[in-house]
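Look for chain A in each of the two complexes below; its partner is chain B in the first and chain C in the second.
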Partner chain A sequence: MRVHQMHFALIPGDAISNHILDIDARLRDWGLETSIYAGHIAPELASSARPEGEYGAHLNASEDLLIYHYGLYSPGIRYFQATHARKVLVYHNITPARYFQGWSREQAMLCAAGRRALPGLARCDMALGDSEFNRQELVRAGFDETRTAVLPIFVPRDRLDALPVYQSLLARLRSSGAVNFLTVGRIVPSKAVEDVIRIFAVYHRTINPNSRLLIVGSRYLPHYDAALDALVADLHLGDVVTFTGLVSDTDLKTYYQAADLYLHASHHEGFCVPLLESMHFGVPILARKAGAVPETLGNAGLLFTQLGYEEVAEMGHLLLTEEALRARVIAMQRERLADFAPQRVEAKLKGILQGLGILPFKGGNVR
Partner chain B sequence: MAMAEQDFPLEIRDPELDADELACRVRESVAQRRAEGAYGPDVKAIGPNSLKRGPGGELPGDYTGLQQSLAELLGQGHLAEPDFTSRVPVIGGLIVLVRRLWNWMSTKWYVRPLVEQQSAVNVQTAQLLGELLQGLEIDGQRLSELEARVAMLEARLEVRAGE
Partner chain C sequence: MIEESPSAGFEIEGDSIDAEAIMQEIRARIRARRAEAKARGLDWEAYADGLYPLPADAVLSRDLHEAVRRAALGYDKIPVEMALTETRLPLVGGLWQRARAALHELVLFYVNRLAARQVHFNEQTARALVMLVRDLEAEVSDLRARISELEAKQT
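Right after this comes the complex of A and B.
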């Protein structure tokens, strides 16, 4: 009996890819044989995964388990539909296609096809959302509610702590005592990066000119990238707004350590790993109330419900300057982070696999 | 205490924080800087037009609206005979009785089969439309997957052409 995981891509630094690798590590610790398949495998992870076509050899292995991670349309869903193995769908949510319309036909089509294909994946032994928000979408798509559950994404804090800090970058970012705003995530229209830039523009030109905005995340939509570059130029922020592109884990940790405020304006999130990373690094969060963001934050962080650029900028200023407020928000964030402790996620995963007969209950036998 | 969305665009869920006091301070700061003209031009009006439009509508092939209309049609397909009422005091009941009697004598035996026939046609039509919509959805799903795969291949070709 083998546990297979499949995703359309395995890419370093990608939250879902990291989650897959973390699950794989746990499964191996529990004595299971495992394999990972992906439609696209980044060269750095070539030794960790196989091309998805190779899963075809296991289609009839009914004792196996296939865990399919679904966050975008991929032809690989055919394997999930066709397999005779036990199967679990992990739904990471798919951005509604309308956010990509006018920016990227490919992304819009992939999102639209992905959402339309979701009800066709409902025949499975278990469907997991990494938030209640995602689980509810599964139920609305026709999945049997009694076979759904929530499994949050692993945020491996030990690994984050073990990473070195890029000292010269940190020194540069902390030079001149500038206040650093940070936002992390793919640079895509659903994340409303333009709103982050505008809120920062109000703060920078009105409240504190000794400030900068760090926008960390991969850029792959040329039209959207060009529009954001034009916005930065029109707001005369070229010297203080930095698009880093995709960064290494070490650089990412350094950006969090240099950050004074985490600002997130996304319209749609299925979970939002950067919120947990901000909690871990003690960066106070100011985020738009959208998608799974309020659920992930719980009572921690501060939410804005609409814009209000000036109000949000002023709230950011309070969060940066009021020591008691800042300390309380950071403390609440740390408290909330405990709910996502890797041990808790691990226990949930174990319980799910026991329920499916993949792992024995204490003293029992594996099916 | 949480702030009411309609009052303020910020929400604080931590019960230990005085949300009203924070909201008040933010409001005062905004009002003061506005009075001083410190904020300058509206940031929303700055930047390329492409960033000023909101997200687009649903892509073609989304039949959610049609499904809702069809459900409404099914609900309204069965015709019901209206009952007579009267607001006239005292003799209202008598008027209703006379109307019912006249309807029974003159039109009911002629109209009722027509109503039943029309109801049956309506229900059958709605069912047929439902089957057609189901077929459209299946074809639409196939089409959207094919479009996504074509778009994916086109993007890969563009990358290769640029290499």
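Right after this comes the complex of A and C.
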């Protein structure tokens, strides 16, 4: 009996890819034979996964388990639909197509196709959402509610702590005592990066000119990128706003350590790993109340429900300067982070696999 | 740029955090900043945008710069949101409202697709305007410099 995981891509720095690898490590610790398949495998991870076509050899292995991670439409879903193995769908949410309309026809089509295909994946043994928000989408798509559950994404805190810090970058970011705003995530319209820029613009111009905005994340939508670059230029923020692009884990840790405030204006999130990373690095969070963000934050961080740039900028300033408020928010974030401790997520995963008969209820290991 | 948008609502959790006091503090600070800007004779919006004052070497009129700036800021304020009135129909009111909402969603879907294309065009047009103004200013500055040079030679 083997446990296979499949996703459309395995890419370094991608939250879902990291989650797959973390699950794989735990499955192996529990004595299970595992494999990972992906439609696209980054060269750095070539030794960790196989091309998804190779799963075809296991289609009839009814004693196996296939865990399919679904976050974007991929032709690979046909393996999930065709397999005779036991099946678990892990739904990481698909951005509604409307956020890409006018920016990327291809992405809009992929998102629309992905959401249209979701009900067709309902025939499975179990469907998991990263969050209750995602689980509810599964139920609305026709999944049997009694066979759904929530499995948060692993946030590998030990691995984050073990990473080095890029000292020269940190020194540069900390030089001149500038206040650093940070936002992390793919640079896509659903994440409303333009609102982050506008909020920062008000802060920078009217409250504290000794400030900087760091926007960390991959850029791959040329029209949206051009619009954001133009916005930065129009607001004369070219010297203080930095788009880093995709960065290494070391650089990412460095940016978190240099950050004084994490600002998140996304319209749609299925879980939002950067929120947990910010909590881990003790960066206070100011975020738009949308999607799964309030669920992930719990009662930690500060949420804004309507967008008034002045008010949000002023709230950011309070978080940066009122020590009691800042300390309280950071403390609440740390308490919330404990709910996502790897041991707790591991226990949930184990419980799910025990319920499916993949793992025994006592002893824990297969061997 | 400062939107003419309603004040931000915040959700602040935690027993030891007085959310209302924080909101009052925020509003007071904003009033103070706007008053300070006004006392300094500044246009608050332009000040917050970082576009105040006019560039030192601006040669075309302030009104033109302002008009171009507003075009550049407002190019994407197009998409439409649902505005569904309540129905008072008895018995079938709920069903009728759901049907109306579905119809409105359908119309909005196509309207906003068109709006997205319009935004794209507006963005290109606004960009062209900004570039035109900049090029014109450079041209005018250059011509004025040459005229000054020629006049100096004549005298």
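Definition applied: the second predicted complex is superposed on the first by the 362 of 367 C-alpha atoms of A that agree within 3 Å, B and C clash if a C-alpha of one lies under 4 Å from a C-alpha of the other, contacts with A are read in each partner's own complex, and residues count from 1 in each chain.
Note that contacts are C-beta pairs under 8 Å (C-beta built on N, C-alpha and C of every residue); 3 or more make two chains touch, one makes a residue touch a chain.
These figures come from a predicted structure and were not determined experimentally.
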Return fit or clash for chain B versus chain C, each positioned on chain A through the superposition.
-> clash
Looking at the overlay, what does A:Leu237 touch: chain B (first), chain C (second), both, or neither?
-> second
Based on the superposed arrangement, let me know which partner A:Val312 touches: chain B (first), chain C (second), both, or neither?
-> both
Quick one: classify A:Arg105 as touching chain B (first), chain C (second), both or neither.
-> first
Now for A:His223: first (chain B), second (chain C), both, or neither, which partner does it touch?
-> both
For A:Leu349, is the partner it touches chain B (first), chain C (second), both, or none of the two (neither)?
-> neither
In the overlay, answer first, second, both or neither for which of chain B and chain C A:Gly120 touches.
-> first
Kindly classify A:Arg328 by the partners it touches after superposition: chain B alone (first), chain C alone (second), both, or neither?
-> both
Touching partner for A:Val202 - first (chain B), second (chain C), both, neither = both
Same chain A residues contacting chain B and chain C, which ones?
-> 98, 101-102, 198, 201-202, 205-206, 223, 227, 230, 234-235, 289, 294, 299-300, 302-312, 314-315, 317-318, 325, 328-329, 332
Which residues, counting only chain B, touch chain A once they are in their complex?
-> 5, 8-17, 22, 25-27, 29-30, 33-34, 38-40, 43-44, 46-48, 50-51, 53, 55-59, 61, 140-141, 144-145, 147-152, 154-155
Which residues of chain C touch chain A in their complex?
-> 1-3, 5-14, 16-17, 22, 25-27, 29-30, 33, 37, 47-51, 72-73, 109, 112-113, 115-117, 119-120, 123, 127, 130
Chain A contacts chain B in the complex at 73, 75, 96-99, 101-102, 105-106, 108-110, 112-114, 116-117, 120, 189-190, 194, 198, 201-202, 205-206, 223, 227-228, 230-231, 234-235, 267, 289, 294, 297-300, 302-312, 314-315, 317-318, 325, 328-329, 332
Residues on chain A engaged by chain C in the complex (per definition of touch) = 98, 101-103, 198, 201-202, 204-207, 223, 227, 230, 234-237, 289, 294, 299-300, 302-312, 314-315, 317-318, 325, 328-329, 332
